[in-house]
Amino acid sequence: MSTIELEATGIVKRYGPLVANDQIDLSVLRGEVHAVMGENGAGKSTLMSILYGMQTPDAGRIVLRGTEMHYRSALDAIGAGMGMVHQAFKLFNSLTVWENVVYGMEPTRFGFIDRREAAKRVAALAERYSLRVDPNAIVGQLSVGVRQRVEILKALYRDARVLILDEPTAVLTPQERDGLFDIIRNLTADDRTILFVTHKLHEVMAITDRVTVLRDGKVVDRMVTSETSAREIIRAMTGRAVNLTVEKSPGNPGAVVLEARGLTVATDGGKPVVDHVDLSIRAGEIVGIAGVAGNGQTELIEALTGLRIPDGGTVSIHGTDVTALDVERHRDAGLAYIPEDRATTGTALAASAADNLAMGFQRKPPLSNGRLLDGNAVTAHAKRLIEKFGVKIGSEQLAVGTLSGGNLQKVVVARELSHAAPLLIAEQPTRGVDVGAIEFIHGQLVAERDRGSAVLLVSAELTEILALSDRVLVMFDGRILAELPAAEADEETLGLLMAGRVRDAHLDGTEAA
Amino acid sequence: MSERSVRAFRFPRIPAVPLAIGIGILIGGLLVLASGGDPIAAYREILIGALAPQNWPNTLNWAVPLVGMTLVAALPLRGGMVNLGGDGQLVIGGLVAALAALYLPLPGPLLIAASILCAMVASGLYASLAAWGETRFGIPMLISTLLLSYPVIGIASYLVGFPLRDMATGLAQTRMIPDAARLPVISGPLNIGLILMIVVAAAVVFYDRRTVGGYELRMRGLNAKFAGYGGVRLAAQQVRVMFASGAIAGLVGAILVLGSLYRYQDGALLTPGYTWSGLMAALLAGGAPLGAIAAGLFFAGLQTGGFAMQRETAIPRVLTMILQSVIILFLAIRHGVGRKSS
Amino acid sequence: QDAKPLVVFVSPNPVGVNDFLKLAKAGTEKAAEAAGATAKIYESTDPTTIRQNLDAAAKEGAKVVIAVGFEFNDVLPEVAKAYPDTKFLLVDSCPQTPVANIYCSVFREYEASFLAGAVAGLTSETGKVGAIGALDIPFIHRYTDAFAEGAKHVKPEIEIAPTLWIGGNNPFSDPARGQQRASIMVSDNTDRIMAGGAGSNGGIFKAMEDLPGAAAFGVDSNQCPQAPGLVMDNVQKRTDIVIEKGVAGLFKGDQPAFATYGLAEGGMTLTSLEPGIEDSGCLIAKFPDVIAKVKALRDEVVAGTVKVADPMQLAK
Amino acid sequence: MSLMSFITPSLVNSAVQSITPILLAALAGTLCGRVGVFNMAMEGQLLVGAFAAVVGSYATGSALGGVLFAIVFTVLFSLILAYGATVFKGDSVVICIGMNLLAAGLTAYLLRQMFGVSGTFSDPGIVGLTKIRIDAINTIPWIGWIFSRQTAITWLAWILTAAVTIMMFRTPLGLRMRGVGEDASAAGTMGIDVTRYRVLTVLFAGGLTGLGGAQLSLGTVSIFSEDMSAGRGWIAVVAVMLGRNHPLWAALACVLFGVADALSVRLQSQGLPNQLTDIVPYVVTLLALALSHRKRLKRRATETITAHA
């Protein structure tokens, strides 16, 4: 296992004045799992898209199995045996699994797609690498874990020798993640090579053979996994030590702030996506909702925040029934809300930071008298928040569209925390954000709790749930499957519950709903 | 998440608009040249026809409804909504104004005020119907506004062709409205409709810049989801904005009927094509009120000049239509005018 | 300043949308030539531009301003009062209250349509005739209703198909809709159709192909060459003659304030009643006996022995 | 009066005829929609096609020449949308509105400058499309009326509807197009040149609409008149929306409109005022739109309908 499969030397990629990749050298051995790590904006995705032929480097060479490559498009890279599973899946939700897999390389008969042959080939491939998936299922109806298998199938269908996985575990349960690791081992056993991009250190430690660390577009370190530690990797990434554990005192729960009873959200015809959910959050506690994406969390939060009218049940904030009220009234009743998608819900990318930070306050003093907006107050408010939360932006009049993920998230967090609202709902508050920003946001959430707010945290990230929550709810298939005190929650139990396996989770002493 | 298009928001570069106008003029000139005309003479006549002091009243008179219809389009556009139903809303306004002026038993100024008010309310309600259809049933407003115009135009045409027709003429039109209901004349073709329109334009600019509603509408235009998340009641806002948009169209109809036609004539409000010109002007400015007003004035000048050009030279005035469309196409293609962010 | 006097024709719509305005344009040019004047054509599209054009014409110092159409009824009196030295010839319409410098010339279209109906009645093989109009407005009933009356007059037992209207977004310029309506009529065995659709007429003619022997009647000018073999005859409105006469009268100073033109004055006619019918391309040329009968009928109408009712009943 | 005598064969025949341009435009709209380009320029494209067809027919003295002109010039005209909405990333709604206006202005201008007329251009030199008579069925009462006496373009329109449907759902090309429209970036990562697919589809759709324009000016009448598309392109846009980018459903929407339109003519001959009967097809379309979107919106604040992708 010492043949070089892929070698990139002197890769440079500039975006205007910004050098996203600066003389990067990367060497990957055949059959290894090679991690590429770095903070947000370090240049990982840029490097991967260059290796995959989606972008042309400004300088540098790529040598694949001894041959120098000159990709004109991803098609050339695919042809040369590269495959990539993107962080956000590149799948067609309305199409079937086999259609997604053969897309662009369809088997044909008389010019028509040979549907039977296509499905057969996909099934055979799935069989061979134990990727359990029904070729005729519609992708949009599959769970995230299965969709990822479809992505891997796509690459294997094109006989990918090198597979790039960009943050592949961000949306998986621990069990699904372990399943993925099994698949990765199957693949490497077959002499295929894996490039693994992630922010999660324990995964790097668990599955990879070697690590290349990027910072500001440069390679800052190369390590052999078995000879290093998580702490060292972080230091390489950030240039400092980062505190991974959240310091927090035991909670001090007070009165009930948010209460939902029998909350139900129906779908057209099918079974409810939120099915008679009861929950209550008290002042001064953080309640975490764990669950795999797609189990009704999004709809539950929409119903709790007034973005959606529930089909049944009630929601009250501080005893006020807000079930049928709109978002504005929810906010009036004391809601602050960090939405899961900062770019499409949490901000208007084309609007200035000042406008973004004013949202939600626009009808209240000091920003307005309810009808007329006070431009000076809006500016002052924005300046104060940018300063306080250290948002890296030139001026409050600039559009936020160019901010990095972490900075954009800070804009959202800053705005919502400045409400000093008694109730904070935080949905995936650190998704795709680097460790430095995670540390900061986690600190803010705990401070919010200590100030006496009720905090509802929804996250697919178990480490986050475990680090922050005083109580943990597990959501599966539209229902709250279990409720555990923080002390009794651990990764394995939660993982099993998130997969709906109550029986295996050995819930002694805790209530299973 | 990385699927989103993160794009730096660029303000349209200053030279874009003059450049587009230049290109429009160039293409138009070539067209004139190709068909054996004299482009310099054509443009000279357009300029004189639009801008010579003695022609100002004509230009302004044409600008009143055109800028009005520009605002009709710009207001929803600011919030990312497209109102293609200006024609129907204009017709309702005109017809209601005429009927109110004919049948309300009110004295002088009161009659004028009441007629205008009725027209605005009727058109506003009608326009908000499309908004309601979208918020309540999800019928896309882009298409329902357009489709809703046809029945209204047909029914108005029927009404003035049969039950409400002026029996003394052979055309489909109502009787003349009484003198008391006519808008006072400022001078020549100009009436106080001009002042009403200036007030409305100022109000729209003020709303956009200074009020909470204006801020919320702008945010909706940039990202509707964000606005909804921030507590803006999108459905109510949509109905409200469409009501205002329709009401302005109603006002334009009323001004035309009470100020210059003095009766509702079948088709007379629509043949000038104010709705589409206004829509183009609004699109040109991406819904920003001041820019839209400027674009509306520009188009009004161009069109008035076009008539003058056609009088003086053999070049048909549709040339100005070509100029307008080339300008907007150039801007749309070159600088992404109207492109939605995120 | 140009030494030549100026004559301006202000059209209510772009010229050429109907042949009627083309005739007016030709008439203006001929009249100006005869009077040694310069002719200009100002095209309008709507009331606002009509007004602008009238103003512009008067300001240019036109001696005579010719306005054609109902569209001028409301605006002209106001403009005329503002320019008392300019003479306005209003063709095809007349304001309700007379104004000193407005001279009206109107037509009695129904007389010629009546004759066209007679031709239809006399030539129809299926015994069924009908009319298609652009829009259901009283003015156009002068064509459609009088046509039916004429057919009935010569053949009381003839069947009259219900009148169809083109309508739609563009009634005066939608040949496809004209064709659709005519083809439905023709499929109902209606073989003589009055085409009162202005710019849509081409479609109506085209539909005549569907039924061997079917023919339509054109309006305003000789439309037969447009669709050879499909047009029987035309109800011609001699706007040109009316304008020539009017302008001459105004230059001379003996133009009456109100003049009407029908069969008697030569303002309305059928192509078949004019010289040159053999080369007109009209089907009627093959029916000399019918022409003779219609000529006789014309004389009766002129003499007043046959009375044609005006379908446009205007309240006074 | 029985239904059979109310709906006569000739009525159906003329409905089929008058649907053709709308159907072709709707087909074009579906194709564009499928690759993620919202096309609402069909009104202008039809007009350009109709004009070019008349010019071509007049210049070459053959209907086929006219049809070829129509296709070529409408494709050229469609370059604006094809490149504007893809390579140049312009907003398709703005581009389409601009194109519609440009088409109206340009055809009116050229009409005057080339033929010296305004409004309508008709000349015996314009050779129209011949109607295909199928003698075998010509005499069969209903069938003969409906299937015989139609132009080749009408036949082609329906054949194309079937062909496009099969292409869309059974061939690699169709699969790729659907992918491009559903998620361009996903298609891009699979090595599909999204821009190329879009550009070519919009241009092909332009050809289809051009064909529709030719039917409009040469199929039934051999005339060009200003603005003769008269809203038909907009109806096609509605049909695309009603059909949700599915060619067969869009075709059904066109048929619905055609039937309503034919009925309105029939109602007119029953003595109803045409101003009222004229609105029947639009009211029916509105009702269909309302019914097809009947489900009540639950998500209230986050859901806004954007017609274009």
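Note that the chains take the letters A, B, C and D in the order they are written out, and that residue 1 is the start of every chain.
By definition in this document, a residue touches a chain if its C-beta (ideal position, glycine included) is under 8 Å from a C-beta of that chain, and two chains touch if they have at least 3 such contacts.
Every value quoted in this text rests on a predicted model; they were computed, and no experiment measured them.
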Graph distance between chain A and chain D, where chains that touch are linked: 1
Gap in Å, rounded to a whole number, between the CA centres of chain D and chain C: 35
Whole-Å gap separating chain B and chain D, where each centre is the average of the chain's CA atoms: 28
Centre-of-Cα separation between chain C and chain A, whole angstrom: 75
Residue list for chain A, restricted to those that touch at least two other chains: 86, 307, 326-327, 345
Per-residue overlap in chain B, given as positions that touch at least 2 other chains: 3, 161, 225, 228-229, 232-233
For chain C, residues contacting two or more additional chains: 135-136
Pairs of chains, among all present, that meet the touch criterion: A-B, A-D, B-C, B-D, C-D
Chain B residues within the chain D interface of the complex: 3, 31, 35-36, 80, 82, 133-144, 146-148, 150-151, 154-155, 157-158, 161-162, 224-225, 228-229, 232-235, 238, 276, 279-280, 283, 316, 318-319, 321-322, 324-326, 328-329, 332-334, 336-340
Of chain D, residues touching chain B in the complex: 80, 83-84, 88-91, 93-95, 97-99, 101-102, 104-106, 108-109, 112-114, 118, 185, 231, 234, 237-238, 241, 273, 275-276, 278-279, 282-283, 285-286, 289-290, 293-297, 300-308
Residue numbers on chain C that touch chain D, as the complex places them: 14-18, 135-136, 161-162, 164-170, 173-181, 183-184, 186-188, 199-200, 202-203, 206-207, 210, 225-228
Interfacial residue positions of chain D with respect to chain C in the complex: 8-11, 13-14, 17-18, 117-120, 122-124, 128, 145, 149, 216, 220-223, 225-228, 230-231, 265, 268-271, 273-275, 277-278
List of chain D residues in touch with chain A within their complex: 170-172, 175-176, 178-179, 182-183, 185-193, 295, 298-302
